[in-house]
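Lettered A, B, C and D in written order, each chain numbered from 1.
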Amino acid sequence: MRHISKAFPGVQALKDVSLTAYGSEVHMLVGQNGAGKSTLIKILCGAYRPNQGEFLVHGKPVHIESTRDARRLGIAVIFQEFSLVPYLDIAQNIFLGREFPGRVPCTIDRGRLHSEARRILDLLGMDADTRTKAHRLGVAQQQMVEIAKALSQDARVLVMDEPTAAISDREIETLFQIVRKLRGEGIAIIYISHRMREVFEIGDRITVLRDGANVASLRPSETTLDELVRLMVGREVDTTYRTRFCEQPGETVLDVKALDTKSGIRGASLTVRSGEIVGLAGLVGAGRTELVRAVFGADTVIRGEIVLKGRNLNGSPAEAVTLGMGLVPENRKTEGLALMCSVHDNMLAAGLRQLFPHGWYTFTKARKAVEGLIQRLRVVTTSARRPARLLSGGNQQKVVIGKWLNAGSKVFIFDEPTRGIDVGAKAEIYKVMERLVAEGAAVLVISSELPELVAVCDRAYVLRNKAVVGELSRKDLTEENILRMAMQHG
Amino acid sequence: MKYRLIGVALIVLALGLSSHAFATPSNLLNVLRQASLIFLSASGLTLVIVGAGLDLSVGANLGLSACFAAAAIKATGTLSSGFAAGVACGIAVGLLNGLMVTKLRVPPFIATYGMLWMLYGVNYWYMKGDTIYGFPPDFRALGSGDLLGVPIPVYLMTIGLLAGGIFTRYTTYGHEVYAIGANAEAARLSGIPVGSRLILLYTLSGAMAGLAGVIYLARLNSAEAGIGSPLLLPAIAAVLIGGTSLFGGSGGLAGTLIGAIILTLVLNGMNLLGINSNWQPLVTGVIILIAALIDSVTRRHAELHA
Amino acid sequence: MASLARVPGVAFLLVALGIVFSIFAHGFATLSNLLNIGIQSSTLLLLALPMTFIIMTEGLDLSMGAVLGLTGVILASVLVAGNSLIAAFGAALGVGLAFGIANGLFVVKLGLPPFVTTLGTLGIAQGMALVLTGGESVAGIGPALPKLYASKWAGIPFSILVALSMYAVFHFLLYYTRFGNYVFAIGGNREALVLAGVPAGVFHVSVYALAGLMAGFAALLLTGRMNSGHPTAAMGMEFDAIAAVIVGGTERQRGNGWLPGTVLGVLAVGVLRNGLNVMALPSSLQVASIGLLLIAALLIDSIRRIKP
Amino acid sequence: MLNCMPDERALYMTSAGSLKFAFNGLVLLIAALVLAACGESGNKSPETTRESVALFTKNQTNPYFQTIRVAAQAAATELNVDLVNYIPTSNDSIPEQMSQIEDAITKHPSAVVFVPVDSKAMIPGVEKFNAAGIPVINLIDRSDGGEFVSFMGCDDYAVALNTARYLFEKMNGKGNVIIIEGQGGSSNNQKRVSGFKKALEDFPSVKLLASQTGNFQRAMALQVTENLLQAHPQIDGILAANDAMALGAIEALDAANRKALVIGVNGTKEAIDAVKAGKLLATGDCDGFVQGCMGTMAAVRHLKNLPVPKEVIFPITVFNSTNYQGADVPYEQRMCPKWESIVKN
């Protein structure tokens, strides 16, 4: 791909970008959100058409006008947003659009469909039945089906957009083995990730994009983590997310005693004190999201107590919010924001009764409150009226946090706050967290990024199959201890 | 919104040129009176649709409320009892709809469509095909009389429009309804008590249908079981032509009023021009499609330049 | 293929109604009466089958009743003009298809909301039917259609045969062809289908075109049943079709469609109406019980979803 | 604001308890429905000695058909016969009346009194009765096909013609009039409007300003009349295809305090009261109550193989301010006339 540029109304997404993929090589593509990575991929796979630019395969110019052209050239893409059809089964999903013709015209040769699917799943070490419907699969299994889908196109060029965002370390290991095997078979792999560790662990070549332009193209051996981050962000980013840790926390704000929930949590107890950041660690599926959703009142509680600033919660989000608790949910697009609404309306959604206790809504006060929050959180948006849908991941997360600041929440629960967010925005979010805690708020944060947990939390609880198995104080809060506790069986 | 006003102006202009009787003040007031009746029955429905719900029982509810109001007036002779009976019946039906949709989680289409059949059943059993007619003139004035030259239903419409406008724009309740319509789960996780808000909306829709039932009773000077059935589609058409989207989160009462006016203009124009009645559904259908086209073009335009 | 959890509440209600009516309604459980139910529900099933596809792709079609009325009148008028049944049936299918494609283009290509679009085409179809016939029903369609309608093939009345074969066609289409997969995909994740290089627009329009076509088929049955074409005979049938589909377990969200459920929905309403007629219940009770049935069916679904 | 895809069935916190309560409530309701049903059909066990007559009427809401049903029941009790009513759940629905015919045949009534929703579309239905050997009395609207023991009704065309003539005479033959038509697609609307038009031909100097539809509904007729009053400053007469629309037109006239002579068809009780009050000039009909009685009587006579004339056209009475006396008695107290008093031959 040479001299690609693409403009959307109001923004020049790509300016003269070139990317060369070499056979049997893992080519890491890194850059901040909004740097143009996903636009570049969508052009590569034919979903978008560039304004300028040309495509060369083995040196010969080709045309990529549609996804069909891309596939003919052997280009397969795994998108970050899952592209599975809920009520079709695994085999149908894998071969969507490329079904094997059956004997009767326009039917499908179901036998061959399922046997081929079985073959690819075995390759990936996934034992799920190819007839299970996609909506019954867990997040990790869905990711595996996405990968199977790309493999099924026996592509020459395989593009993977943050494939490890939602899967456990064990599955990441299997994925890396597959990537190495494919590289061995001569396939060119373009791998997008925000996890710096992966870049160095598996990358053969790195291209850095910033603001829609090539910034650098180098080998992992030639660079260090800090230099890479500086290249990506274009300014010094202190990755020390937290400077001062909380020496003497205030009184207990949130106290959960022996909680059993319908979603499977057994006997969970934890406390959060004001001025403290408490981590919630554990493997994927250990029940961290289920626990916080129950504490917030989103899921039903069977037994146990949740005491918020001395008041016993009866299990409805409305009551939790009025008492000053705020949840930044795991998937912000479906549970955190109303994508069609403007930044303005989203930020006001939770704090309406706090901002206007007497019920009368005044435009000026509302606009001022939203302006203040946009400044304070440095949300990048052309105007407060812009639909949340058009914002980058990091900015959307800031809008959700803004929503809770507006509601004057004192207890914040963050569920995977930095998933799918670039390094620069991550640092800003943790800065916000630190400021909140400095002002006396209490923060409970879930993250699968162990280095971030270790760098940020004052102490952490560890969960294993739906139960709290231990607590780690500041001094023995290390990645090894977390993993040991989280992995220990029996 | 401004495109739709231009649309109305165009229709008025076209009709004004083609029929001398159209542009007279008395005819325009007449159109306004007829439009306000559709508006009243559709105003509650608008808010339900903004909250991403649907209320198909509006017509049947209106019919039943009119019959109860008629019976109450005949029995007690006082107008206030008629009002009370009508609106109370509307509220009760709205509440039932709300409970079914929120607590029992029956999809709104089925809950209100089922309610529609049940209300008809109750209405047929209650009226047994009879009509209750002959009401005192001061009650009938409510529907067909006018005050200072302006038809009384128009006053009621303006009150409804102002109250609705204030509710949606200037109260926190109103903004919460838009948030629920846009993304109910996100609203719930933002601490908005979605359940009770929706019950409030369905009850409001029922109350407005009940009130409209009493006004229709006054206007027709009689109540029979079938009054409500022809009023459902015009009410929904008025809301949709007005730009309120069925997916929720957008639109408002002003749009519904414009939709009601457009629908009434079509009938008024056809009557004045003496066009054969068989053409009416055709013209209405075309107008609905044009309004939808205008709406989607302006929406896409707004989206690009947000 | 369908695990027990998939069976919607309406199935249990259907069985319950069957038992209750067989006991209380004398003459209900006879073969002739059951055939009656089949004949009466066949036209509605022809509308409900494509409606399932439309609802699965997060759409809605209000115009089917009016288009059925229009195609019925066209079928009758062509017959009255002396042409053959084939020509008349072809004309009806053509008009139905035209309306279906128009609906599809408006919704898919112009992006208009389905409810508003089909509300518009409802008016247009009904208007054209009334203008064509001047409001009168079209009679004197000759012996060909009634004979075909009344014919029995191996004991099965023609209309039931048409309904069953159409169900088979739709079942085959949905579960055994690429078109079926793409219907699931358009409802479940349209973006994924586009990225897979499939012309999703074409398939989405053809879902609406199919609905128009089925209106033509249903016109054959309705005109045969009435031995005449009537402009407003099928008004309101589209709401019954939508109710039958939703009661059958098809959801507008995420392409969750289940064709057998639609058949159960259609039969439930058919059995209820027939049973109450045979028991000669007061009509106001009949009307109320239809509403009761719909809500009860969905209530069972909600309760089953609450208890894991 | 744009539209987006909210989850139609939003997931709210519902305690399973409230669902259980509602479900039990519903089951009780269905059980009550069933008990009421078997209570009803219990006394009509199949081996009844009494004959059963099935009465098919068009809809639930038009008071005219309620008169027919009340009269038919009065005659049935008098003649010690069971009367079973079949009324479509959605008004004037052709496919539904067809289904009700098929369902009624399984009950095998002894005789049927049949008011077709549409004169042409219901022919196959009547043929089904003939095939099942069930005698059919065609009441009120003549069906264009199928064998009948007898047609008893009155000719919409003639009723409209006479009532219109009465109006034009009252307008002594000149002035402007408008016609409010009934529902497009209904057969008696066609006949009544053509009756009005024929009367117009007989009075050349009466000018027809407009003819618009009110769909047989009072509210729409009121709205149409309001519009036409705007367009035509001078309207002397209004011809409405049924009483409900005539009364709607009167409301519009009162509201606009305009005067005009209004006529309607069906002779419903409310119309008779309006004639008595002088608001409605006249309403033409052949007395629905009498027709209801005669229908059942004819059926019973046929079962007792007493002679029943092939056709009985009821005398058309144009109820006006002079001759409404007999008709304004509430139906409950009215008695069915003797068969001989109506059937001369």
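In the analysis below, a contact is a pair of C-beta atoms (placed from the backbone, for glycine too) under 8 Å apart; a residue touches a chain by one contact, two chains touch by 3 or more.
These numbers come from a predicted model, not from an experiment.
Student: So, comparing C-alpha centroids, which chain is the farthest one from chain C?
Tutor: A
Student: Look at the interfaces B-C and A-C and say which one is made up of more C-beta pairs in contact.
Tutor: If we tally the C-beta pairs in contact for B-C and A-C, the bigger total goes to B-C.
Student: Just how far, in Å, is the C-alpha centre of chain D from the one of chain B?
Tutor: Taking the mean C-alpha position of each chain, the two centres sit 29 Å apart.
Student: If you average the CA atoms of chain A and of chain D, how many Å lie between those two points?
Tutor: Each chain's C-alpha centroid was found; their separation is 67 Å.
Student: Averaging over Cα atoms per chain, report the distance between chain A and chain C in Å.
Tutor: 44
Student: Could you tell me which residues belong to chain A and also touch two or more other chains?
Tutor: If we look for residues of chain A contacting two or more partner chains, we find 316, 338-341, 387.
Student: Counting only residues that touch at least 2 other chains, which ones in chain B make the list?
Tutor: In chain B, 104-105, 107, 117, 120, 124, 178, 182-183, 185, 188, 245-247, 249-250, 278, 280, 303 touch at least two other chains.
Student: Where in chain D do residues touch two or more of the other chains?
Tutor: Residues 1-5, 7-9, 13-14, 19, 22, 60, 89, 184 of chain D each touch two or more of the other chains.
Student: So in the complex, which bits of chain A are touching chain B?
Tutor: Contacts found on chain A: 9, 296, 298, 316-318, 320-322, 327, 329, 334-342, 345, 348-350, 352-353, 356, 359-362, 383, 385-387, 390, 403, 407.
Student: In their shared complex, at which residues does chain B touch chain D?
Tutor: Within the complex, chain B contacts chain D at residues 19, 21-22, 24, 26-27, 30, 33-34, 52, 102-105, 107-108, 117, 120, 124, 127-131, 133-134, 140, 144-145, 178, 180-185, 188, 194-195, 216, 219-222, 224-227, 229-231, 245-251, 267-268, 270-272, 274, 277-278, 280, 299, 302-303.
Student: Sort out for me which residues of chain C touch chain B in the complex.
Tutor: 66, 106, 110-113, 115-117, 119-128, 130-131, 134-135, 239, 242-243, 246-247, 251, 282-295, 297-299, 302, 305
Student: Can you list the chain B residues touching chain C in their complex?
Tutor: Interface residues on the chain B side: 56, 100, 104-107, 109-111, 113-125, 233, 236-237, 240-241, 245-247, 276, 278-286, 288-289, 291-293, 295-296, 300.
Student: Under the stated contact criterion, what part of chain A meets chain C in this complex?
Tutor: By the definition above, chain A touches chain C via 45-47, 66-68, 70-71, 77, 79, 81-88, 92, 96-99, 102, 106-108, 110, 135.
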